[in-house]
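Each structure below appears as C-alpha cells.
Next, two complexes with chain A in common: one pairs it with chain B, the other with chain C.
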Partner chain A sequence: MTRAVLTAYFVLVASFLLLPLFFLVPISLTDSQFLEFPPKSLSLRWYREFFVDQSWVDATLASLKIGVGATILSLLFGTLASVALVRADFRAKGLLTAIFIAPLIIPSVVIALALYIVFLRWQLVNNIYALTLVHALIALPYVVMIVSGSLRRYDMTIERAARVLGAGPTRAFLYTTLPYLMPAMFASAILAFFASFDELIITLFISGGLQTLPVRIWNDLSLKLDPTVPAVAVMLTLLSIVGMTVGEIVRRRNERRYQSNSVSEA
Partner chain B sequence: MKLRWTKTTLLLAPATVLAALLFVYPVFGVLKLSVHDGTAFTTDALRQVYNSQLSIIVLQRTFVTAATVTGICLVMGYPMAYFMAGLSPRKRVLATYLILLPFWISILVRTYTWIILLGREGILNKALAALGLTAEPVQLLYTPMAVHIGMVQILLPIVILTCLTSILDVERDLVKAARSLGASPRQAFWKVVFPLSVSGAATGGIICFILCLGFYVTPTLLGGRTSTLIANLIDLQVHKTLKWDLAAVMASTLLAATFSCLLAYWALTRKRSEFATGGLAR
Partner chain C sequence: MSSTGATIDFRSVRKTYGKFVALESFSMHVKRGEFMTLLGASGSGKTTALNALAGFTEIDSGEILIDGVPITRLPTEKRDIGMVFQSYSLFPHRNVIRNISFPLEMRGVPRAEARRRSEKALQMVRLDALANRMPHELSGGQKQRVAFARAVVFEPRVLLMDEPLGALDLKLRETLQLEIKDYQRQIGCTVIYVTHDQGEALTLSDRLAVMDKGQVLQIGPPEELYDKPQSRFVAEFVGANNILKVEGAEPGSVMLEGLGRVSGHVAHLIAASFASIRPELIQIRREASGAHRATLAEAVFFGNSVRYVLRAADGKEISAIEPRRPGQDVLPLGTPISFDLNVADLVALKG
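Right after this comes the complex of A and B.
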C-alpha cells in the first residue's frame, strides 16, 4: 500500500522534473510565428532559422571555441594539480583544495562582479582568451574533484611495479596511472565542457559585446519570444544528454573493470 | 610514493596561478572595495546598504526565499530518495538517471520552459480556460510563486541525491534488527532510518540553501518586481546605477552568508563521520 503511494509519488515528481522536455520538443516543431502548444502543423522551420541566422551561428561557434579551450586548460591544470593534491604532503593542501573547488560553491554573481572590476582595469572585457581562462576556472572544480577522487582509489602497487621493472617516474606514471585515469578525465572533460557551454552570469558581466550561446539566448529572451529559442534549447538538451550519458557510461564501465580486477586479485 | 617539493610546486603551479589571478585576487578586491574607497577605509558603502530599505528588503527576501525553497526541496526530496533506496540496484540506477536528466539541461532552458507554461497566454492558462475553470487568464508568471517553482525544479535533483546517499548509508542490519525486535515497518523507519539519515539530508539542504542565495536567472525571468533577489540587485548596481561599492557590499554579504553555511556544513559532516565511527555503524 505505502509502496504504491510512493511509486505514484515518484512518477509525479519525476514528471515535474522532466516537464521541460515534454513541452519543448513539440513547441520547437511548430510552423507558426508564435509559441504554441500543441502546434497546429509541424515543421523544422525554426531549426532552419537557427542555422541561417548568422548571429546564432556566431554565438554557437564562440561557445564551442571557448568551451573546447576551457576544457583542455582545466583538464590539464586540474589533472596536474590532482596528482600533487593526492600524492604530496604539504601544509596548504586543505586550503588549496578549497580554493580550487570554491568557484563551484561561491555564487556566480560574486565572481562575476569581482572579475568585471579587475577586467575593466586590465582591459580584458570583450577578450575571448580571457573569457576562455575564466571558463577554465569555472570548470576546474569538476576536474579536481573527479580526477583526484579517482586517483585516491588507485592501487599504487601497479605504478610501483612499473618502477621496480625499471621505468622512470614519468614513464611509470604515463604508462600505468594515466590509462587508469583516462575515463575519469573523460568524464570530467565532459562536465567541464558543459560548465563552460552553459555559463551565463559571469560571461554576461565580462564578455562585453562578445556573444556566447547562453548570452545570445538571454538577449533573445528579453526581446521577443519566437520559437528559435525552443529549437536551440532542444538541440542543446540533446547535446548535453548525449554527452553526459556517454561520460557516465565510460565512468561506470571503468569503475566496474577496476573493481572486478581487485576482487579477482583478492 | 611521496613527491618532492619542486615537483609538487610545478604540478600545482598552473592551477594555482589561474585561481589566484582570476578568483582569489578579484574576490579580495570586492571585499576590499566594500570597506575601502580607494584612498582610505570607510564604512560609507556599508552604511548606505544597511540603511537602505530596498537592500534590507531584498536581502531578507533572498534568505526567506532560499529557506522556503530548501524546505520544499527537502520535504519533496526525502520521500523520493526513500523510494529510490528501496529499489533494486538496477532500477535505482535507472531512477537516478531519470532524476539527473533535467539536471543536465541548461538552467536557462529549464527556466524558459516555465515562461511558456505559466505565461498569460501560456499552456496552463489555456488548459484552465479550456476546462472552464477560469474566465480570464490567471497571473502565474512574474509572481514569487513562479520563482519558487522554477528554483525547486532546478535544485530538487541535488537534494534527492544527497538524501539518497544518506539513506543508503544507514546500515541495513540496523533496520533488520529493529524489525526482528518487533518494530513495525513504520516504527523501524521513524526510529532507525530517519534519525540516522536526517543529518545527511541536512547537508543536502545546506548546499541547496547556498545555491539559492546566488540565484539570478530564475528571479529575473520568472519573477516580477516583487521577487528581485540579491543577485539581481548586484547586477542593477553595477550596470544601471554604477555604484560598485554598494554592489561590493552586497556581494560581500552574500560571501559571508555562503561562508557561514559552509561552516555549518563542515560541522555537520564532521559530526556525522564521528557518529558513524562512534560504534553505531559497526
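Right after this comes the complex of A and C.
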C-alpha cells in the first residue's frame, strides 16, 4: 500500500519535472515555420537552421569560451579558497564562507545592477574578459560548496604520511589531496560551466552588444519566434545530461577507492 | 635494507591544547636500534609524543633530539623518519609498488634504483606478487605490510608506529607482531611504537614506557615492568594483577586486604600503601592446608590453565591462575579451599 502510494507520488513528481521536455522535443522536430504541438510533419530542419545561422554559431562559441574560462577560474580560486576555509583556523572564517556563497543567494538582478553601474564607470561593458570574470564569480559558490564538502571528509593522515615520507607541503598536497579532490572538482566544474552557460540576467545588463547563447535566445524570443529555440533547448538538455552522467560516474569510481581505504573495513 | 638506528631524546617536553595538558616535563632517552613502546590509555600523551617527534604538532617548550641534533625547528619532511599509521594511509591513487617508491621519489632517487629498492622492500614483506595491485584491492594485513615497506624503503634511522595493528583482528595482530619484530631486527632502525595494548607492548619491546597524564610513570624492560611495577597504575595496567590494600604495619608483619596478617619477609611492604601479586603466583590447595582460607567465586576454563576467583575471608576477591594437566577437573563454585603465596612475591606499590 505504502509502496503504491510512493510509486504514484514518484511518477507524479517525475512527470512534472519532465513535462517541458515532453512538449519541447516534438515542437523542435516540426517541419513548420511556427511553434506547433503536436507537429504535423517531422524534420530536423530547425537543428540544421541553428548550425547554418552564423549568429547562432557565434553566440554558442562566445558562450563556450566564457563558460570554459569561467570554469577554469572558479575552479582554481574556489579550490584554493576551500583549502583555506576548511583547514585554516582564523576569526573571519564564518564571514568569509558566507561571502563565497553569497553570489548564489543574492538576487541576480541586484548583482546585475551593481555590476552594471561599476562596469559603466570602468568601461568594462561589452568586454568578454570582464564577462568571463563575472561568470567565474557566479560559478564560485558551487565550487566552494562541493570542494570544501569533499575536503571536510578527507582523511588528513594520508597527507601527513606524504609529509613524513619526504614531501614538502605543496608536493604533499599535489600528490595526495589533489587526486582525492579531482572528482569533486570535476563535478563542480560541470555545475560551474552550466552556471555560466545558462546565465542570462547579469549578462543582459553588462554584455553590451556581446551575444551569448541565452542572450541570443532571449533576443529571438522578443523579436520573432521560430522553432530554432526549442531545437537549441533540446540540444542543451542533452548536453547537460551527458555532463552530469560523466560526473557521477567519475565520483562513484573514486568513492570506492577511499571507502575501502578506511579503517572500519579492515 | 639496513640502517644504524639513531638515538632519540625528549628533554622536558611540554604540550598543551588549551587547558588540556598533553605532555608535561616529558623526558626520555631511546638507545640506538632500540624498540621502545609508549604504552598508555587514550589521552595519556603517547600519540602527542609521537606527533611531536614526527613534526605534526609543535611543542610549547622543551627539545627533541635525533642523534643529538635538535629537530623541533625542522619541517616534517626533513626529519627523515619512517612512519606507519593505524589507518594505513596508503595513497589510493598509486599501486603498491608506487606507494613504496614514494619516499625514494621524493628524495630524487633515480627511477631504476627506486624500482629495485622498492621491489626489495616488497620482497621483505613477502608481497612481491601484489606489486601492481591498487590499495583498495588489498586486505587489512596486506595494506599494513605495504605501509611498513613504504616506511622503511628509504632506510630511515627512526621508525614510528602509531597503533599499527589496532584495526586488525586478533589472529592477524599476533602474526604481524612477530613479523614486525623480525623486520626491525633485520633493519636495525630505532623504533618508537605507540599502543594501548599491554600484551603487544610486552611482546614487542626492548623497553616500554607506561604513560599517564602526559608523563612517564615507569620505564624499563618488559620483565621489569611486569615483575616490579612501582605504582598501582602500572601494576594494574601491565598484565593481570591482584592489588591488595596495606591496612596496617608493624615491625615483622603487615595487615593486608584479603590475606590478613602476613609475617616473614615483609620489610619492603611496611611503607607501601598497596601490595600486588600476580595470579600465577598464588597456589590453590584443595585441602585446608594452606595459610589462607577462601571460597571459589568464579572459574574460567582456558584449556591449559584455569583462572579462579577466590573470595577471601574479608570478602576481597583474588584471582589465581592454576596450570592444568589433562583430565584434571575444574573445581565447582562454592568449594571451600585454601591458598598459599610466597611473601617475597608481594610487590610494594605507591598509591
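Here, the second predicted complex is superposed on the first by the 256 of 266 C-alpha atoms of A that agree within 3 Å, B and C clash if a C-alpha of one lies under 4 Å from a C-alpha of the other, contacts with A are read in each partner's own complex, and residues count from 1 in each chain.
Rule of thumb we're sticking to: a contact is a pair of C-beta atoms (placed from the backbone, for glycine too) under 8 Å apart; a residue touches a chain by one contact, two chains touch by 3 or more.
No experiment lies behind these values; they were computed from the predicted model shown.
S.K.: Do chain B and chain C fit side by side on chain A in the superposed arrangement, or is it a clash?
M.R.: Fit: chain B and chain C sit side by side once superposed on chain A.
S.K.: Is A:179 in contact with chain B, with chain C, with both, or with neither (first, second, both, neither)?
M.R.: second
S.K.: Per the contact definition in the header, classify A:160: touching chain B only (first), chain C only (second), both, or neither.
M.R.: A:160 sits against chain B and chain C alike.
S.K.: For A:102 in the superposed arrangement: first (chain B), second (chain C), both or neither?
M.R.: Touch status of A:102: first partner only.
S.K.: Quick one: chain B or chain C, who's touching more of chain A?
M.R.: B
S.K.: For A:257, using the defined touch cut-off, is the partner it touches chain B, chain C, both, or neither? Pick first, second, both or neither.
M.R.: After superposition on chain A, A:257 lies in contact with chain C alone.
S.K.: Counting only touches as set out at the top, which of chain B and chain C does A:152 meet: first, second, both, neither?
M.R.: After superposing on A, A:152 lies clear of both chain B and chain C.
S.K.: Once the two complexes are aligned on their shared chain, state how close chain B comes to chain C by Cα atoms, in whole Å.
M.R.: Distance of closest C-alpha approach: 7 Å.
S.K.: For chain A, which residues lie in the overlap of the chain B contacts and the chain C contacts?
M.R.: 160
S.K.: Which residues, counting only chain C, touch chain A once they are in their complex?
M.R.: Going by the criterion above, the answer is residues 54-56, 75-77, 79-83, 85-93, 102-103, 106-107, 134-136, 140, 143, 150-151, 154, 160, 167-168.
S.K.: Quick check on the complex: what are the chain A residues that touch chain C?
M.R.: 155, 157-158, 160-169, 171-172, 175-176, 179-180, 256-263, 265-266
S.K.: Which stretch or stretches of chain A touch chain B in the complex?
M.R.: Touch residues, chain A against chain B: 2-3, 6-7, 9-10, 13-14, 16-21, 23-24, 27, 35, 37, 73, 76-78, 80-81, 83-85, 87-90, 96, 99-100, 102-103, 105-111, 113-118, 133-134, 136-137, 140, 144, 156, 159-160, 194, 198, 200-201, 205, 214, 217-218, 221, 225, 229-230, 233, 236-237, 240-241, 244, 248.
S.K.: Quick one: which bits of chain B touch chain A in the complex? Just the residue numbers, please.
M.R.: Residues in contact with chain A: 1-3, 5, 7-8, 11-12, 14-16, 18-19, 22-27, 29-30, 33, 76, 79-80, 82-84, 86, 95, 97-102, 104-110, 112-113, 115-117, 123, 126, 153, 156-157, 185, 210, 213-214, 216-217, 221, 231, 234-235, 238, 244, 247-248, 251, 254-255, 258, 262.
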